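Common to both upcoming complexes is chain A, partnered first by chain B, then by chain C.
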Partner chain A sequence: MTQHTPTAAGEPGRSQVEPLVVARGVKKYFPITRGLFRQQVGVVKAVDSVDIDIRPGETFALVGESGSGKTTLGKVLARLYEPTGGTILFDGQDITRLHEGELRRLRRQIQVVFQDPTSSLNPRRRVKEILEDPLVIHGFGDARQRAQRVQELLDLVELPREFLYRYPSHLSGGQKQRVGIARALALEPKFIVLDEPTSALDVSVQAKIVALLKRLQTQLGLTYLFITHDLSLVRNMADHVGVMYLGRLVEQGPARRIFERPEHPYTNALLSCIPTVDEEELALIPEKIPLTGETPSPARVPAGCPFHPRCPKVMDVCRHIPPSFVALDGNLRVSCHLHSEGDPGRGVPAAS
Partner chain B sequence: MGEPLLVVEDLHIHFRTYDGIAKVVNGVNVEIRRGEMVALVGETGCGKSVTSKAILGLLPGPARIVRGDIRFRGRSLLNLPEAEWQQIRGAGISMVFQDPMTALNPVFTIGEQLMDVVLWQGRPRAGWLNYAARRFNRREREHAREKAIEMLRRVRIPDPARTIDRYPVELSGGMRQRVLIALALINEPELLIADEPGTALDVSVQDQVLALMKELAREQGTAILLITHNLGVARQVSDRIYVMYAGGVAETAPTDLVFRHQYHPYTQGLLQSIPKLTGQMGEGIDGRIPDYVNPPRGCRFYDRCPARLDACREQQPPVAVMDQGHQVACHLYAPAGRSERGRIA
Partner chain C sequence: MNPGTAAFADEFRRVWYRLKRSSTSLLGLGLVFMVIVTAVFAPWMAPYPEDVGRGVKFWQAHQPPSSEHPFGTDHIGRDILSRLMFGARISLMLGFVVLGIAIAIGVPLGLVAGLWGGWVNTVIMRLTDIFLAIPPTLLALAVASALSYNLTNAMFAIAFGWWPWFTRLVQGEVLKVKEEVFVEASRSLGASKWRIAFKEVLPNVLSPLIVKATLDMGFVILIGASLSFLGLGAQPPTPAWGTMIAEGRLYLPDSWWIATFPGLAIFITVLGFNLLGDGLRDVFDVDLDRWN
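Showing the complex of A and B:
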């Protein structure tokens, strides 16, 4: 058993390091169209006004339930989607709007590992070809150098070399996900978006993959954006956590701070319904807050605070005025009227 | 205490595949008493779903029960004629399926599906005259509709009198899962088999659904057989846990004992692999489940076991009875020379 200790990035010294990814007011809207002429009748605000800083070498976890926009935000930050509004800086460079050639160059720096290893690997290509593809596309060396790099990649993800000529269908789920990780590492990226990389796997395999991801991070100095719905996993992976609800970040801060004292009622409720396996763990769970109802559709976000129809601590102001971010102790930022000082609804805007 | 409600005894299920005969379920013993909540826990491919399907007589074509017995209320369910199955399914034993998105028929309203269960389930297939008499009997239909609305109210669906005329697509995932529970419980079965209920839903919704299912089952004295891969969920719902690995039961005990102490190296590894809120997470278990066409001769966990002995390679593990109903199928706990018969009961 290993005790997860957050790296320096999660501690107060964090603010001195230049962030690798800076997002300000990022939005991603999808139009809803109807009829023959695809007339726009509405908009899904999948991601709405999100500010995020990700420091080099840290793991930033995005947590949320289905429809919270966590995957969309991940894809926007990896620039698989172009944001509808806001700016994204990567390593000091503005990557909000890029043309094709620039995007291709950016792909060497930013890679993605997808959720389902079975559908994200081409079933008709051998492991060797899957791993070689990115190298060929980006013009990496000659055939011999590429072959050597492919072998290095297999070693990195602890797969035996005889796997080179196998098809994905001959691999187990965990082995496939290792190939997915190796493919993401092929071009030596700095930043990897991990979109639920273990949620299709059994826990005994998940633990192996998580250990591998942690080792690779230290060994190669990688920065992760870890997207998941599993809070217990976040506790073991992340330095920094952002909780999403209906396209908005409702709370973000160092992992330890959020898990010890969550401030947003939604985070609290999420933590309170985690199934636990021992008493020690149970002691860390906040008092049970039964959430009523389900997340509404992102096409019909409630007015005011988007969480107010399900919030156990709803106040009158929540129904009308969307809360702004408030900075609390321990580097935590929360968007909730409970924490707005003085005049609720116009809380102290957090310095970003 | 008499005969338990359901007894699965030394169940062996084989599948015909292109590669040969896959010996998928290899001697499973499970007992469920009236009103008891029992969980079958295991990872992908351990045989937990196949076992549950065998109980309902829903095994797919290539599967065959080659040995063992399944008894419900003291009566064997093997080789039961279809007419008798129809009196058991839905009335004696019912099932909640995993995926609320696909388990409901999209072209009928919630009410039609619920009323069908009330009117027809648990009765032998009738001739068409009989069918017509019941189909168009207004009083009986009204009674069924009332019962359906009452059931929807019990699973806490808002505004049941209107929701009953809606189609499944009009409901959210959590609501559909509630409808599935309503369908399964409306005829007050004695046993409810729940295959990964709520796994397709968000944690906050899953939590509500599990609590509801447990509460309703308690109220009407229905026993639950919960199939899950999540030990945390099993802990929340069950009184007794069977941990399955590769077609067999590795360990079984009352739920709180399983979490207090695990004897089988697989259970230990599994529990350690779960990420915990305390920030602890084990290293996982090496390797993968064995090939079922040519399974290992001895213990099926042999290749992955950190504590294996020489005996494990050749001999199937005996069942060791530990304390207070805690049983484990592992050579580590069988004193040498004492051979025991059979597997976990």
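Showing the complex of A and C:
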């Protein structure tokens, strides 16, 4: 874990609170098969050796380009996927390998809000049935109590009650996503994985959904894993940020610290791409670093540091040796040779 | 009105609105409606009884169509029109029973094959392949001839070879639907596979199912008539259309009406279901070509 370096402003004593989710060396590999007998010809390392701590009540934002494995990591942490390796603790309990029954019980605690509300709601079922579903599955009360709970849920996400008997096709994108959020809240979970919950919505609607999510978090004491590629959203949503590149977490730390002084060239490049509208925001953007080329395929991750083919500050060592994590001031952890042992004045190898 | 019923009425109105724009679908619907009404009200509508019991009315036999007997009478003096009306009951019952059995067996197997995958899928789908490799009429013929000849066994014989059509249809649809995010969402809520099969997947498979069942209705009735024509189905004096053709065949071409009108009844019924099925296919926008 990170050492007890002075914590950044805005999150006093973060490291003293017991984390709700602890992931260590989590891997998710997908086999690539070919031919009639489905021989395995390779492997996609969608998530590779990721360590994460998510503390109760906070929003941990996972950012990265498409294909960086952020959604896969989210689904592994929500245990929609079984990890290939590593361990995951949830509320102190090991949830890495679970039987079907244990997994079902875990679903009450961990829920997911999906990216596209249109495809995540069954077009053939009414809002009432969709919201009742989790209650029926987990044997919540009788029909009357369930009906009442469904109404509470609609109130919670600020939808009028006459929506009960509508089909999803009669709702707007934002309304559908509210139904998706209500469904995730039905079982009163502690931890919600938000998989790009606003990226399929209009910008004006996005802001309302974000405001709703924030309100629900304080009201219900929720912990969020917020997966997104929209860094401007991260800035007003997240307490903690993890930056993913090719299945690896390359930098993580308090949101403010990362936005003020990103240490990894990749984070730097991502931040410099945020569109700005005024001087104040512009001042927050670090020096412009252009990203060239495409993200390599996760089936063929480059040797050494996976970012080296695109890195503007690439050094010889980057091509051969994968960097390990280094803890820096402000509770920041970064995996980059710029901060490795070669530069003892700044970095200390992170004890894991 | 209950809002749930209102939503159903909405859906019904939507189907009706689109169906009525096509004249051939309306014709199909009209024909099917006519056959169903005839079957249901046959005892009240038919001008004569379906059979004459032991008495053969020689003085009334082989009468050509007239105002008294619009479709004529057969070789023992029975009114053809009345017998056709009662025969509609047999044809429709055969169709509904056969498809009912085929759907009851075929749909769950298709859901299981598609959702469970792996060796379960392989076993079920190879089994359906075996059945589908045999022409359905031939298979029904073989099974029916191995049993004693009556209507119940004829229905069983057709259903025996019919369920694989539904298994294959549903399995294909499941493979499409199961990649949808809402299935994953249901899984993330802790839904069991059976719940996903019946609550999430089945409602999305309903449209092609309805279309396929309507189109099959004509086909099944045709096979049923073939079996009774060959003497493997309902036995005389039951007024099954196929049986009536078989009886009338002996008196062609002189008493042409005895065999011709049952033939027309089959033709009209099958045509009605096919036109209606085609219309529903357009309404639901279903692509069934892959399975036919």
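Keep this in mind: the second predicted complex is superposed on the first by the 333 of 352 C-alpha atoms of A that agree within 3 Å, B and C clash if a C-alpha of one lies under 4 Å from a C-alpha of the other, contacts with A are read in each partner's own complex, and residues count from 1 in each chain.
Basically, a contact is a pair of C-beta atoms (placed from the backbone, for glycine too) under 8 Å apart; a residue touches a chain by one contact, two chains touch by 3 or more.
Since the model is a prediction, treat every value here as computed from it, not as a measurement.
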Overlay on chain A: chain C relative to chain B, clash or fit: fit
Touched partner set for A:80, first chain B, second chain C, both or neither: second
Partner with the higher number of touched chain A residues, chain C or chain B: B
Chain B versus chain C as contact partner of A:51, first or second or both or neither: neither
First (chain B), second (chain C), both or neither touched by A:126: second
Which of chain B and chain C A:230 touches, first, second, both or neither: first
Partner chain(s) touched by A:91 [first = chain B, second = chain C, both, neither]: neither
Minimum distance between Cα atoms of chain B and chain C in the superposition (Å): 11
Chain A residues contacted in one complex by chain B, in the other by chain C: none
Chain C-facing residues of chain A, complex: 78, 80, 103-105, 107-108, 111-112, 114-116, 119-126, 129, 133-134, 137-138, 164-167, 180, 183, 187
Of chain B, residues touching chain A in the complex: 43-44, 172-175, 202-208, 229-233, 235-236, 259, 269-286, 288
Chain A contact footprint on chain C (complex, rising order): 3-4, 6-7, 180-182, 184-192, 195, 199-200, 203-204, 206
Complex contact set, residues of chain A against chain B: 1-4, 65-66, 172-174, 202-211, 229-233, 235-237, 259, 269-271, 273-278, 280-281, 284-285, 290-291, 294-295
